[in-house]
Every structure is written in C-alpha cells, then in structure tokens.
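Before we start, here is the structure in question, set down as structure tokens.
Chain IDs A, B, C and D follow the sequence of writing; residue 1 opens each chain.
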C-alpha cells in the first residue's frame, strides 16, 4: 500500500474478498461453519509463532518474525470478514456493542490490575 | 450504535481498547503471547456454535444465534486489534498485502470451483 | 511397531516422552501453559485437513490423507500426555470420571438423536 | 475409579464411547469433520485456564484448578478417541510412529536446550 493511500476500511475489505471468492466460485465452500473452522486454523498458525517464546520474547519480535506474524493476523481477519459477510453481521457494530458490554462487566475499580479479570464469566 | 453514527474504524477501535486496558492496568497481562492465546480461545467459542450444525444449518441462523455468534466474532476482533497494537502491526495494511499475495497464489483459471484451493501451500 | 508387539499404553508413552524431552533438555520450555498452546496448534493442523471437506468426504478419506490425519492426531496425543505428566494428572482416570459425568448429564431418553446434545452446558 | 481397578486402556475407552454414542444415536453427528471441530473447541477450553497465567503459575495449580484442567484434558481425549474410531486409526500405533519420526527429526546433539526445536518443520 503506498503511503498516500487512505487506509482500507473493513467494508472495502469485505467487498474485495467477495469479488475474490466470486471470481473463483468459492462461495459453495464458504459456509459459516467452514469459515469458522478456517478462522481457528489460522489462529493456530498465529499462536504457533509464540508457543515456545517467553512473554518477554513475544514483546520484542525481530522484523522477519513480525512480518510473518502480521500475515497470520491478516489471515484471521480475512476469514472473520468473510464470515461477517456470509452471516450478514456488521462486524464493527458488534465490536462496539461488545466493548460497551465489557465496560459494564469489568468496572475499573474491580478489575484494576487483576489477572482474574475474565474469570467471572 | 445509533443509525446516524459513522461506523467505527479499526483505528478508533484500537484506541478505545487501549484506553480500556490502560484504565484497568491490564497491559501487564497483554503480552502478544497471551493475546494470541486469548484470540484462539475466542475462536473456539465461535466455532462451538457451529460444531454440530450441518453447513446448510450454519447458513441460516435464527436471530438469537446470529446475535450470539456476532458477539463471539467481536471477541476475536477485539483481541486481534489489541495484538496489532501490542506488536505495532498495521492490521488493515497487512490484510491488503495478504489479499494481493492470495491473488497471485490462486489465479482464477486454476482455482475456479476447486475445494483444493488451499492445498498447495 | 511390529505386529506381535503389545500395544503401547498411555503410561509407557508418557515415560518415553519424558525420556525424549529430558535428553533434549526441553523441560524448561514445557510449562503447562506452553504445552496447552502446542496442543491447540496441533488440533488446528488436524482440523485443517477437514476444513473444506463436506462431512461425507471426511467419512471416506483416502489412504494418504488418513495417514496424514493419523499423524496430526498423534501430535495432539503426545502433547496431551506430556501435559498430564507436567501437571501430575492421571489422564485415563480423568477420562473415566468425565465419561461418568457425561452419562449423568445426557440421559439416553433426553439426548437420543438430538444434535442439541451439548447445548445445555 | 476405585483404587484396585486396573487403569482403563485406550481400547476400552473407545468401546465405552462407542456404546455411549450408539445409545444416544449420535453417530449421525460424529463425522470426522465435526469431531475434529469439537476437539479443538475443547482444546480452547483447556487453554483458557492458562491464558493469563505466567508459565510459573501454570506449573503450580491449586487442587480445584488442577481438577478443572484434568476434565478439559479428558474432553480432548474423548474426542480424539472417538475420531480414531470414526476413521479406523490406531491411535497408540500412530503415536508410536510419530515418536520414532521425532527421534529422527530432533537428534539430541542438535536439539539439546534449544527452544527453536520445532522451527525446522
């Protein structure tokens, strides 16, 4: 992406992915069930980079590793966006709603500095 | 989100997540290693909704199920965006790059209608 | 494995894995956290074989695919057994307990023929 | 399991799982594709226990947490064994083969003490 381009939006990415799949007639394979499977497979490839690292090592990746990780992250996003198209889910609206729920669920005074943060669910 | 609001961008979501984690002092837990783990855990919760469905069933969710699935998708996105912040990765630029690579890797004439699409990697 | 050997038990497998890791001084990397990560990464490699198949296709793998799948299944088991050693968990006893719980949780007359089987949890 | 019982073997567990599923007519849902999905979902529930822990914390679980983790591990094993039955894979033979391959792939003198152990694949 050249430096003077506006950043891609999620809606634009969704459209580009739709055209990509349509041209290859891949809609037949892209059931939500299959897309959710493909997503977690990519999430596994992402985690694989970190599995034997210490947390500290994971905070200071070299450039090559960072690039490889970025591409795995992109794969996760590509399936997530395709899943949102297949289901008719507005991904950014869902994210906004979920953030609002999290703000209620984890009040600052209770959750502050606690690693037990998610244990209540 | 009210209908007249502009949709949230990924950059805005990243900022809001940063403020949320900072207020709770959760940065100490949010190593890339841990965020990649949390992401795949959420991807598992997403897949759980589909695991016993047929593909056809997954294409026609009722409203309640669709809402539940949307929130799991949001959880995946929230960790993906936090991971991109932690690593200094431009998620949308990475997605754009990955799409360009996929267009080279799966030429239309070769990949059309084939479920073996990803087997070459 | 020659045909006249007794089948390997889980306890023997655990012992062989311990020797393997000890000889390579890998115990330092084999925290339960890391082993649980490695396990899900292998589970992703296993699922990858099936992600674009129909259910019917997954029921009739050819010999090469079946062999590849068997090795991914083995990888999952190897990490599961190493995790049980690291935690001091008796894996087969835990499986037996869990089966007894499942028998209570899913009575035959309620669960028979229903794909909603696991939705109650 | 009473203390004087012989430990359950994998073959016995497979038989008990088959009877359990047959009685509930669940074979229709238990395609290898679905079982591989269910397995990774359980692997996610297992990893969830560890996601915010340090490695050191994961090495010293309290009794309640250890019990909860043992049951998630059992769930992974139950699906792995059901998958092996569905595919006609001898799980322990596959594990033995995979160990032999790993012994060739990671010679002691090369792999000793290196966290890069699996990077070569």
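By definition in this document, a contact is a pair of C-beta atoms (placed from the backbone, for glycine too) under 8 Å apart; a residue touches a chain by one contact, two chains touch by 3 or more.
No experiment lies behind these values; they were computed from the predicted model shown.
Looking at B-C and B-D, the interface holding more C-beta pairs in contact is that of B-D.
Distance from the chain B centre to the chain D centre is 27 Å, each centre being the mean of its Cα atoms. Across the assembly, chain A contributes residues 29, 34, 37, 40, 43-44, 47, 50, 52-55, 115, 117 that each touch 2 or more other chains.
Taken as a graph of touching chains, this assembly is complete, with every chain in contact with every other.
Residues 29, 34, 37-38, 40-41, 43-45, 47-48, 50-52 of chain B are the ones that touch chain D when the two sit in their complex. Residues 1, 7-11, 13, 16-17, 20, 23-26, 28-29, 31-34, 36-37, 39-40, 43-44, 46-47, 49-50, 53-59, 61, 66, 69-71, 73-78, 80, 83-84, 86-99, 101-103, 106, 108, 111-113, 115, 117 of chain A touch chain B in their complex.
Those residues of chain A that touch chain D in the shared complex are 37, 40, 44, 52-55, 115-118.
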